[in-house]
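Shared chain: subunit A. Partners: subunit B in the first complex, subunit C in the second.
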Partner chain A sequence: MSDYTLDSAEGRVEALRRMLTIRSFDETAGERFADGEIPGFVHLYVGEEAVGVGTCAALNDDDYIASTHRGHGHCIAKGLNPKYMMAELYGKADGYCNGKGGSMHIADVDAGMLGANGIVGAGPPMATGAALSIDYQGRDQVAVGFLGDGAVAQGQVHEAVNLASTWNLPAIFVIENNRYGEGTPVEQQHNVDNLSDTAAAHGIPGVTVDGMDVTAVAEAVEEARKRARAGDGPTMIEAETYRYRGHYEGDEQVYRDEDEVERWREQDPIASFKERLIDRGELTEAVFEEMQAEAQATIENALAYAKEADDPHPSEAYEDMFGDSVPEIERFAQQATARTDGGDH
Partner chain B sequence: MARVGLVVNPGAGRDIRRLTGGASVVDNRAKERVAACVLDGVTVLSEPPMVSIMPDRAGIAAAAAENAPDTVTVEILDLPVEGSAEDTRRAVAHFRESADVVVVLGGDGTTRDAAVESGPMPVLAVSTGTNNVVPTPVDGTVAGAAAAVVAAGRVDTDAVTTRHGTVEARAETPTGEATVTGLASVEVSARSFVGTRALIDPADLVGGVVSRAHPTEIGLSGATGCLDPFGPEAAGGAALRLRDPATASRTVRTAVAPGVTATVGIESHDRLAAGETARFDVADGVVGADGEREQELVDATVDITPRENGPQLIDVRDALDRAARAGVLVRD
Partner chain C sequence: MAQAGIEQTETMTVREAIRQALREELDRDDDVYMMGEDIGDMGGVLAVTGDLIDEFGEERVRDTPISEAGFVGAATGAAATGTRPVVEIMFSDFMGVSMEQTMNQMAKMRYMFGGKTEMPVTIRTTEGGGMGAASQHSGTVHAWIAHFPGLKAVSPGTAESAKGLTKAAIRSDDPVFVFENKMIYERQGEVPTDPEFTVPIGEAAVEREGSDVTVLATQRLVGDSLDVAEDLAGGTSVEVIDARSLYPLDTDTIVESVEKTGRLVVADESPLSYGIHAEVATRAMENAFFSLDAPIQRVGTPDTHIPFSPTLEDEVLPDGDDVREAIGRIT
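Here is the complex of A and B:
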């Protein structure tokens, strides 16, 4: 099992803690990006925390996930360390990908996190590939491919779901329907009301669940995992959710108004789960405030670590690209070293 | 002109029972076709009633209106669309003031939402959902014909409708009160969370109260019906308490969900008069209605009572039978 499940009070509190950690991470990343400290783009998961955490709570530690461009939440849900994630965002040598990937390419294969991805809809093909390896090697695992609502229209998504369905692979496809593909409302992108209806085209079950409720997401993924491990093939799950921030930081969001965001905030996945745990006697307001402060401290420590961490040496830009040494690449790397060391140009 | 209201719930028929059981997917194109059939069916009368349709985001109402027969006047209500059960309630409240009959396409959940607002207006519930104890599995064209003859007053409404019961649960917890209302049943489940809503594991079911009982029905009313069947028009209801079938002196084997036939252990079975209450203590569980988990409860006492205040449901067969015998369907 995962190191937290929703079957125990401790697991439920841990799920809440991970949602808090994701929110702190992404709010902090948004602030630092606005201040110009973080290079590239950041796409924040604020509001969608229940999908990543609900999914990972229903997985085993060694199950795989393949993420999207909005992947920070998936990473924390799967157990990655915010310290090395933040270092990656800052382009530092200690980042998960040695600072080469940034926000959209965090990966930690040992933790089962096969990678976030800047290519829309790239998660499902990776999950199908991982599921094929699981099947081929007879391992007791599943692979989850996350995708957004916009990605449902991508050809590679259907190729991946088709193969996984036809070969009966232990894959789960989790659609995070946050209502907008960049700035286009979901109704203007798809001719089906529920994106899980597309599962029917591949002869697999598709269900739509409340993506603001961590228990609903976990229950659906748990059933999908059972199905996959029983040899019954893949499942498509659509989690209806919402991002409170823009598609990317800096998005002017002319496609929606503040009232709509407020309506979704009323169903906030953290606030609602917190209230339910308090009602169950598994949490108090005071403990929640402590957890919030701890999550914030964890991210502040991660931020301090990232800022202080070493930059990668320019020659590292040529590393981790090829399995075997390539003479031309070696030559470029040596030239980069020479330039950095003040040698001959 | 007589008027038929039409509610098509885009959200019906797609919950997790497609994954855990054998429920069929009723996609929105299928619902669109059923809605088109209803619009066609009303032309059984030479002067068909007007049809008003609940708006939706899925384009169901728009497609049905566009393809309606030329002889049928169709309007789409100008109401806000939230994509939730509130849409059904709002539309039916509107129809209660403006229509003679409402046709509801959905399952038990949609019919329950409609019943909250339908009042004395006759309801024709057509099954396009998951748990379909209350709605009739009938072709939309035939449903449209039945709705037309009732809406136009061509048959005696009282003679072709029956008052369905409801089941009301009032829960008291250390932190407050909650109410859940079901049409066919209110169930108590030992599962802690509402989660994906559907009651998916028979072992979770603790018991509950039903307003009707028959082995042809799915869920708690089916289990109760294996012991002592009674119809939706019967006064009162029944309370059923379950236990582990391995230790129960009596068991029934019944459909607890579509595609899930299970052996259910019976702890007790009692008929209840209308207004008579059965009490359940819930340490950690969920109270549900018509096969869907609704309300999470901890350390709660739940009083569950059958009531005689449900929707006025049209019997399709009765309506068209009487119409035929009265010569309504014959043109000289």
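Here is the complex of A and C:
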């Protein structure tokens, strides 16, 4: 079981807490990036929190997910620690990838997180492969491949879904349709009514759900998980959602107007779920504000930790290429160590 | 040349040696399984997997859809999550279809994740011209893989190295590509029968000792160079090394030989420009510059694709005559 499920009041509050943590993490990352503290690219998940959290709420802790370039939300939903995530964004030695991955490649394979991924459409083959390991070894798990709407046009996605379907593997494909593939509207990239219609080509069920509603996502994934574990193969789920920020931070967003963003904000996944929990008597405004403050504090602590953390030693650039060392790289590692001899590492 | 301490050998073809390696590793480790196009009941397009499906069943000898991106991608995900897939790509020319999964996922995951995953995947594929298969089924592309960081590449030239390298690849926790030249499947050799026999990745083998010139060869050109060395014996003493591993490359064995002979020919079926030849020549130059008595010679495909017509194919494919001429130019 996941440590939060949506069938108890406690689990629902925890789901809300995760969504708040994701939002706080990504808004903070956006600010720090704008200030020039975070190198590279960041792609933020603000607005899409219900998809990652709804999905992971329906999974067991040892299930796998393969993520996208917009992966911070999936990480937090899956239970990764924002401290080491933020340290990774800052390129620090004890980030999840020891500073070698950054925002686009955060991974924690032992926690079932097979990596954010800089290549659009790369998650589904990874999930099919994890599902193959599960099936081959007879383990009681499933593997989820996240993909964006843009990735539905990628050949490797359909090859992965076809293989998972043909081999009847316990995989689930979750399309996060946030209306834009990078800077081009979804209608200009695909000629189907719903992206989940493409499931029919692979002989598996495809459903489209409200991706701003965490319970709708969780219910669909729970159903898909049951199906997968019953040996009935994969499911494709399209979650209709929206990203409030640009494709990447710094994106001028010439492809849409602010009114459109505002209309989607009215269905905000956090605000709407909060209202529902208050209506059900499972939450009060005061408790919510406290949770919000806690989420903010968690991220501020993560930020402080990341800023203070050590940079990697230059010689670490030569580690982890292979399980054993190769002479081609070893000589550079030795040079880097020699160059910095007498340093504090 | 047999490894020290290994006494029992059996004569078999390269094809049989690879199949024996696959059989032994499937027997040894339940986490190992194979996947590829027509490797099951059909036994592989060039009959390498043969009847292994009868011994191990369709769960462990898996026919895939014609979908290299799908199954190479899946093998990558599977290798990151506890199993050890051995993939056959029918012809190496088809690797372009799965290059994204190879270069951005398989090659990079361990590194990008700070060492938090292993990648025990083996990719076997066939290379080379000589059977009139034309440009899209005859290429020699191993330089792509040897060049790309995070991948290991081996290229057996004998039955012994074919078995030992295949087994080492499957036991490795890193992605290893085994490049089988399709024209040497019928070549015979002595092969150790000990199931624990492997050829360490990164070690070349001196197949014939000599003192006048070194030929560093790969795949089919190992046997062709040995034939030339035999022909020239008495006149020119040729040392023939099978590179066996392209990445990592055994610089020490090459340098030691060049220091002895002072002359080097690099014979590899890849296109000549920007490849294996240049890398070997550079390492010889970097490490044995003052031992060289003559310019290093290259034998390879002259930057064309492999044409269909036998007359044209013969024209461009490097062979023993080209090795002989290269030796003649510097001795």
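We adopt the following convention: the second predicted complex is superposed on the first by the 339 of 345 C-alpha atoms of A that agree within 3 Å, B and C clash if a C-alpha of one lies under 4 Å from a C-alpha of the other, contacts with A are read in each partner's own complex, and residues count from 1 in each chain.
Basically, a residue touches a chain if its C-beta (ideal position, glycine included) is under 8 Å from a C-beta of that chain, and two chains touch if they have at least 3 such contacts.
As the structure is a prediction and not an experimental result, all values here were calculated from the model.
**Q** When the two structures are superposed on subunit A, do subunit B and subunit C clash or fit side by side?
**A** On the superposed model, which is not a single observed complex, subunit B and subunit C fit side by side.
**Q** Quick one: is A:Ile119 in contact with subunit B, with subunit C, with both, or with neither? Answer first, second, both or neither.
**A** second
**Q** Thinking of the overlay built on chain A, is A:Lys83 touched by subunit B (first), by subunit C (second), by both, or by neither?
**A** neither
**Q** With both complexes superposed on chain A, which partner does A:Leu163 reach: first (subunit B), second (subunit C), both or neither?
**A** After superposition on chain A, A:Leu163 lies in contact with subunit C alone.
**Q** Of the two partner chains, subunit B (first) and subunit C (second), which one does A:Arg245 touch, if any: first, second, both, or neither?
**A** neither
**Q** Just subunit B (first), just subunit C (second), both, or neither: which does A:Arg70 touch?
**A** Neither partner.
**Q** Using the superposed model, give me the angle at subunit A's CA centre between the CA centres of subunit B and subunit C, as a multiple of 10 °.
**A** After fitting both complexes on chain A, the angle is 120 degrees.
**Q** Once chain A of both complexes is superposed, is A:Arg17 in touch with subunit B (first), subunit C (second), both, or neither?
**A** In the superposed model, A:Arg17 contacts neither subunit B nor subunit C.
**Q** Counting residues of subunit A touched by each partner, does subunit B or subunit C come out ahead?
**A** If we count touched residues of subunit A for both partners, the winner is C.
**Q** How many Å separate the nearest C-alpha atoms of subunit B and subunit C in the overlaid structures?
**A** 24
**Q** Can you give me the overlap between the subunit B contact set and the subunit C contact set on subunit A?
**A** Common to the two interfaces on subunit A: nothing.
**Q** Would you tell me which residues of subunit B are touching subunit A in their complex?
**A** Subunit B residues touching subunit A: 10-11, 14-16, 18-20, 25, 27-28, 56-59, 173, 175, 192-197, 200, 284, 296, 298.
**Q** Can you tell me which positions in subunit C touch subunit A when the two form their complex?
**A** 31, 33, 59, 62, 64-65, 67, 69-83, 85, 100-101, 104-105, 109-118, 149-150, 152, 172-174, 202, 247-249, 251
**Q** If we count contacts the way the header does, which residues on subunit A are in touch with subunit C in the complex?
**A** 64, 66, 95-101, 105, 107-110, 114-115, 117-119, 122, 124-134, 136-137, 143, 155-156, 159-160, 162-163, 166-167, 319-324, 326-328
**Q** Where on subunit A does subunit B make contact in their complex?
**A** Touching subunit B: residues 6, 187, 192-194, 196-197, 200, 205-210, 213, 215-216, 218-220, 223-224, 227, 235, 276, 279-281 of subunit A.
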